[in-house]
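The chains carry the letters A, B, C, D and E, assigned in the order they are written, with residues numbered from 1 in each.
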Amino acid sequence: MARTFKGGVHPHDYKELSKDRPIEDAPAPDVVFVSLRQHIGAPSKPVVKPGDEVKKGQLIAEPGGFVSAACHSPVSGKVKSIKPRPHMMGTPVDAIEIENDGREEWAEECNVPADWEKLSVDELKKKIAAAGIVGLGGATFPTHVKLSPPPDKKIDAAILNGVECEPYLTADHRLMLEQPDRVLEGFRIIQRILGGVKGYIGIEANKPDAYMLMKEKAMKYPDIEVVMLPVKYPQGAEKQLIKAILDREVPSGGLPMDVGCVVQNVGTAAAVYDACARNVPLIERIMTVTGDGVERPANYRIRIGQMLTPILERSGLKEGVRKLIFGGPMMGLAQAGPDIPLAKGNSGVVAMMEAPLFEPRMCIRCSRCVDHCPMGLEPSVLSLLSEARRYLEMAEHDVLDCIECGVCTYICPARRPIVQQIKIGKQKVLEARKKK
Amino acid sequence: MSGTEAFIIFFNVLLINNFVLAKFLGLCPFFGVSKRTGDALSMGAAVVFVMFMASLVTAFINWFFLLGHPGNLFYRAMGGDPAAYDMTFLYTIVYILVIAVLVQLVEMALMKLSPPIYRALGIYLPLITTNCAILGVALLNNDFAVEASGFWVYLAKCLIQGLGAGIGFTIAMLLMSGIRERLEYIPVPKPFRGIPISFIVAGIMALAFMGFASMI
Amino acid sequence: METVVVGVVILGLLGLLFGFGLAMAGKVFAVDVDPRVEKLLDVLPGANCGACGNPGCSGFAEGLVEGRCDLNDCPVCSPEARKAAAEILGVEVGETERRIAVVHCRRETVPPRFEYHGVKDCAAAQIVYGGFTTCRYGCLGLGTCVEACPFGAMYMGEDGLPHIIEDKCTGCGNCVRACPRGVISLAPVSRDVHVLCNSKHPGKYTRDCCTHGCIGCKRCEKTCKHGAITVTDFLATIDYDKCVNCGECVEVCPTGAIGDVSLLRDRKPARERYAATAAQEG
Amino acid sequence: MAQLIVSNSPHLRTEEDIRSIMWTVVMMLIPAGLMGAVVFGWYAAFVTALSVVTAAATEYVCQKVRRIPVTLGDGSAVLAGLLFAYVMPPNMPWYVAVIGASAAILIGKQIFGGLGCNIWNPALVGRAVVGAAYASATFLSKWPIIRNAAASSAGGGWFSDRLAAIKSSFANLAANINVDAVTQASPLYAVKTAAREGFTAHGVEINGNLISNLPPGTTVSDIVHKCDISYMNLFTGHQVGCIGETSAGLLLLGGIILIFLKIVDWRIPFVYILTVAALSWVLPLGECGWFAGDPLFSVLSGGLMIGAFFMATDMVTSPLTPKGKVIFALGCGILTVIIRYYGGYPEGVCYSILLMNTAVPLIDRFCRPKKFGEVKA
Amino acid sequence: MSVFQTLKKGVFENNPVLVLLIGLCPTLATTTSVKNALGMGLATLFVLTMSNVVISMFSRFFPKKIRIPCFIVVIASFVTIVKMIMDAYAPPEINDALGIFIPLIVVNCIILGRAEAFASKNGVLASLFDGLGSGLGFMLALVVLAFFRELLGAGAIFDIPIHTSLKPITMFILAPGAFVALGSILGFVAWRRLRREERECAEAAGKYRAELIITSKNKPE
């Protein structure tokens, strides 16, 4: 039986645009804006002030709480200011502005090779936390928190997410092709931290070259299994991936650790390797720039905090672009303009020449959304309830289990904005819960 | 009485001549309490119970006290012409009294035993008294007395009809409540929202139930 | 003759039987119900608007009897109804002034930041990239508050802003809760001078995006003799307990962010009225 | 740069929309309608067109009155008008087509708020309204004779049969003018009557054949043969019946294409037809005993094919979940056979689907999909 | 309140069928023809008025706990009288058509409703007119509904056939037509009410204009 999950859709993946473009370095930025809110959880607290000289890789903001992450300077230079800057969520957020002096000087103890096999689990965890690593698949959950399950949760499997099910994006694909050792070593560190658990690497069938390469490289590690998965969106969602690979269902409202599992993105694994084996904090990542709105789709190695505009220029942004999306087209955030600093979670930018206005019609109960919902919900009912502003009844229809993957909206022949309606419902339900 | 006959009586009031959709009995609670499926179900259960009890009690009273026939207890006690003891003109007043008392009992019992249901039914519980379906079933049961060969056959027919009518009422209520729950989050044209559309719905339900017409 | 006798006997017997039966049942199934709940239900507005925090008026009535709720929780009650309810409960109620909703925005042309495609609902628009207006605090103009009003007291004007029909507004606050940007608040019905802006943006930004925004210049704060105005986060707020409707602040506000809505409410301008009372008192 | 568009995710949409779905269904229905026109004559085509036009016009007027956007382009009104005509007899008077089609749209659909809001299949509501409104009218009980049906089946091959049928269709145009004079029983009615009364001595006359003194143990299949009904004619559409429901074969083809295109769910037609086949075999019809039914005849005759593939599968009025769909189809099948066998009407598809439509909200309520991560209790 | 106002209130503002939505069963069951509707309307009018009068006279003697059974006994007595009168004098076809709905007047919510809400709290004369008003309102609704049903369903009014080239739509005589017809009438009533409310709202809203806000930039002349 093919390993997969129930529901899901098969949109055209458009990966042909950029999957054969090798990773190239983005133009070095003149100035970077390191946002203090690049992860889920409390915002980071700056430890530098305007006027300070910083080196590349130097800590500039420390975690603001348990679920939070540190930030490091991606360049060497001078801190100019700390004030609200445009942010990919739409509302300005405090960011540290650093002027690049172009010298690329590393901070002390940074970029020094280390033998991670000799370090203890606690030391490894500390290194990961200090490196400010967050989930690079887009969820940006602080990695060290994920790797520290409470002692009562028995973890017996780690999954490396190389699925990259979002259409257009090829950053993970290129990373696996070009730097398989970084990824694999990083994954081994993760396995070790979790107590030497069995590892699975999930790769979708539309990346056969990456699958073959990873399989070959992983041959020497008996506790790593590379799994080819049929192409289906949203296979990369944690719960669906666990279901597909291990046939375990994360309980409603639960976390992967409830079924003894930890899922990490391939990018995260590479960053873990950098942190543990090279003492390099998370200051750069791979990002795809693609879509029919750019002349030359490409995969870039970008600095965290650098502005998007020059990168788009380099890729040849076309006149008359109508939509600019951070992340993939299924779950990504559309932006009002390109003057946004990039953050740890940016796995890609999609520029679209066309964004037709969809006039929603009344639900015709075609049940496509119910059939395809990977979470087994009834999006059409939720959508109708939301439209009738009966938000609290949405809780009875398990609105909080929705992962906002966008399958229902994608498939809806009536063009209903279901995800958005569900989002309002979730917000109202949570508000009501909080009041109680 | 054969099993077929019983089945025919039951099926007739259950679907073919459904009290609500074909005979227009019990419309007030049908439209009043059918907003939520839960309420509809408890109301239906209450009606089934009261109908059954009403059929039982009125059958006794009718046979032994009201009908001017040899089974009449007064006639047995006092003799003379059985027709002289014909009290059938008291049907209305006696039956309604019986039903009123029954409903009162049910109400008290519910209030004690299940306050949530009591609250859900609210003002409609007293309205069971004025639910014409219940008086209607008692009155329609009278027709069985003419043809019945004996008391037990008569009683059985009454009970079957009472049960069938009650369950038929509940089925109609449940279907209606399901539809109304759905209509609540559908943009029905404003003038028709609420009761008017419910009437249209009942009309089309009656239309659909015509599929059972002349089945037996 | 027999007919009459038998008829009487039947009815009499039944009456006796039922009377006895009901009396017994009454004993067996006795439940204490507070009769005040039903009386209260008659008095309460019956709009089931939920402003009191209960599922509806019946929940509120039960809450009142159990002492969970306070009569003042219901903003919709007319004073007479409140008095009647207080009598039923046997408590005293303080007099509170009727409050109605006020929209703190009067943007005329606020340019959009982007073209918004999506659900035509303010809460929905707000979650998409923080709302499509350049001013992040002002009215989005999609009418969610109007939809939320259970009394039909609001409507969308041609200016794209919601307006309140004073006579119909009961101050239930449903619109206040519906607005994702907090543009609407409740204010005593007698106060006519309001800050018609909600922008906490720095003055320069506000000035760039809106002709009527509060730029936080603090002139009103300095002018107000009654200490009713404070400016925080570039936004003036009026303390309605201290405000006397003198209208001084309206005069000095450079952008027109503070407005006097007397004319809308069929009254003379607040300043004239204040001058008249001041003259009367000497 | 011009102002960008911002909307909530997802930013991709599938190609399929309401318009494409509705028009595809209409396309799949057209062959069967052409067959109806060929078999019954041009008048059948005329009333079909009239129904479609009336339905579209009613939709237009309703939406204009309500001051909402007119959505004729999505094809749903056309589909409703077409389906309504398909389940009506070919000799219905023109005003019946107008009243029925407008009732279908008006009280079947627009009064609830338009497409997506209706509880019942609009076409079937129209059909039921006509059934109730003209219950005693002759056009519902007497059917125009297909002149060459018996004659042509005797000689020649299939092709010449059809050729003769097409030729005779011109003659049928004339036949419609005085239709009450020449009538024929529909297969379902014929078999039902024969099964009920054919065992008696006086018997019953069906299409010129006297059926009487049937021996005990006669099965429905025997009666079908006695009534001169050929399965092939039922399959190709050369039978007495409603305009669009005659050709089981063409409807089956259209339905299978729809299932292949994933426009309709396979469960509903599959379970529906299977239930009808099974129950019509098991249950006794008339004097024929248990387990003596004729499943093939039941499936091919009457409106079962159009009902199962095009009516019961109507998205708006069928349940959301797979489980619900199976229950729905099961109910349709059971009711269809019960009404066909024991009811006052020869055909039960229309009412059974309407009745199950009534129950859809309840079915939906009790058949929720299995939630991901739900703990099995 | 004047007599006229009481009557008007019963007929229009508080029309039992069209506004309060009570007494629906006889409304639908007996409106197959205008004749039947009139018969039913008159019978109900009689019972309603008489019971209102009697109850208003004796209500203070009824113990509060069992007042409802007491009301019912009073109403049932009048219904029995009506039934006897109808059996004796009414045209048999009307009597047959009304069938069990004559005894069922006893459970017509209108009557008990008026008894409980009005007659038990008011004087004899007021109750008389209240009963008359509600009864007339009920009759009006019945006749209106019957008019449409008979016209559409039988192509006749008062059993006098109206010649039309189309055949009558018998559905309106049957149960489905009854529901649909009343639903449409109620929809029409609601539409009228909504339009009135909309007009009122528009009038109220008409006063609100932006230039009426006084600011330093915008002062009234």
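As a convention for this text, a contact is a pair of C-beta atoms (placed from the backbone, for glycine too) under 8 Å apart; a residue touches a chain by one contact, two chains touch by 3 or more.
Predicted model only: the values in this text are computed from it and were never measured.
Among the remaining chains, those touching chain A and also chain B are C, D. With steps allowed only between chains in touch, the distance from chain A over to chain E comes to 2. Using mean Cα coordinates as chain centres, the one most removed from chain E is A. More inter-chain C-beta contacts link the pair C-E than the other of D-E and C-E.
Chain centres here are C-alpha means, and the one lying farthest from chain B is A.
Chain geometry summary: the mean Cα position of chain C and that of chain D are 55 Å apart. Averaged C-alpha coordinates put the centre of chain A at 43 Å from the centre of chain C. Centroids built from CA atoms put chain E at 23 Å from chain B.
Centres computed as Cα averages put chain B at a distance of 36 Å from chain D.
Shared contact sites, meaning residues of chain A that touch two or more other chains, fall at 333-337, 355, 358, 362, 417, 420, 423.
Residue positions of chain B with contacts to 2 or more other chains are 90, 93, 97, 101, 104, 186-187, 192, 197, 200, 203-204, 207, 210.
The multi-chain contact residues of chain D, meaning those touching 2 or more other chains, are 3-8, 107, 111, 113, 116-117, 128-129, 132. According to the touch criterion at the top of this document, the contacting chain pairs are A-B, A-C, A-D, B-C, B-D, B-E, C-D, C-E, D-E. Interface residues of chain B facing chain A in the complex, by the touch rule stated above, are 184-187. Interface residues of chain A, counted against chain D in their complex, comprise 6, 9, 11, 167, 239, 243, 249-252, 254, 319-325, 329-338, 350, 352, 355, 358, 361-367, 370-371, 373-378, 380-381, 398, 401, 404, 406, 409-415, 417, 419-420, 423.
Chain E contributes residues 66, 197, 201, 204-205, 207-210, 212-218, 220 to its touches with chain C in the complex.
Residues 21-22, 24-26, 28-29, 68-69, 72-73, 76-77, 79-80, 83-84, 100, 103-104, 106-109, 112, 171, 174-180, 182-184, 186-188, 190-191, 194 of chain E are the ones touching chain B in the complex. The touching residues of chain D, counted against chain C in their complex, run 3-8.
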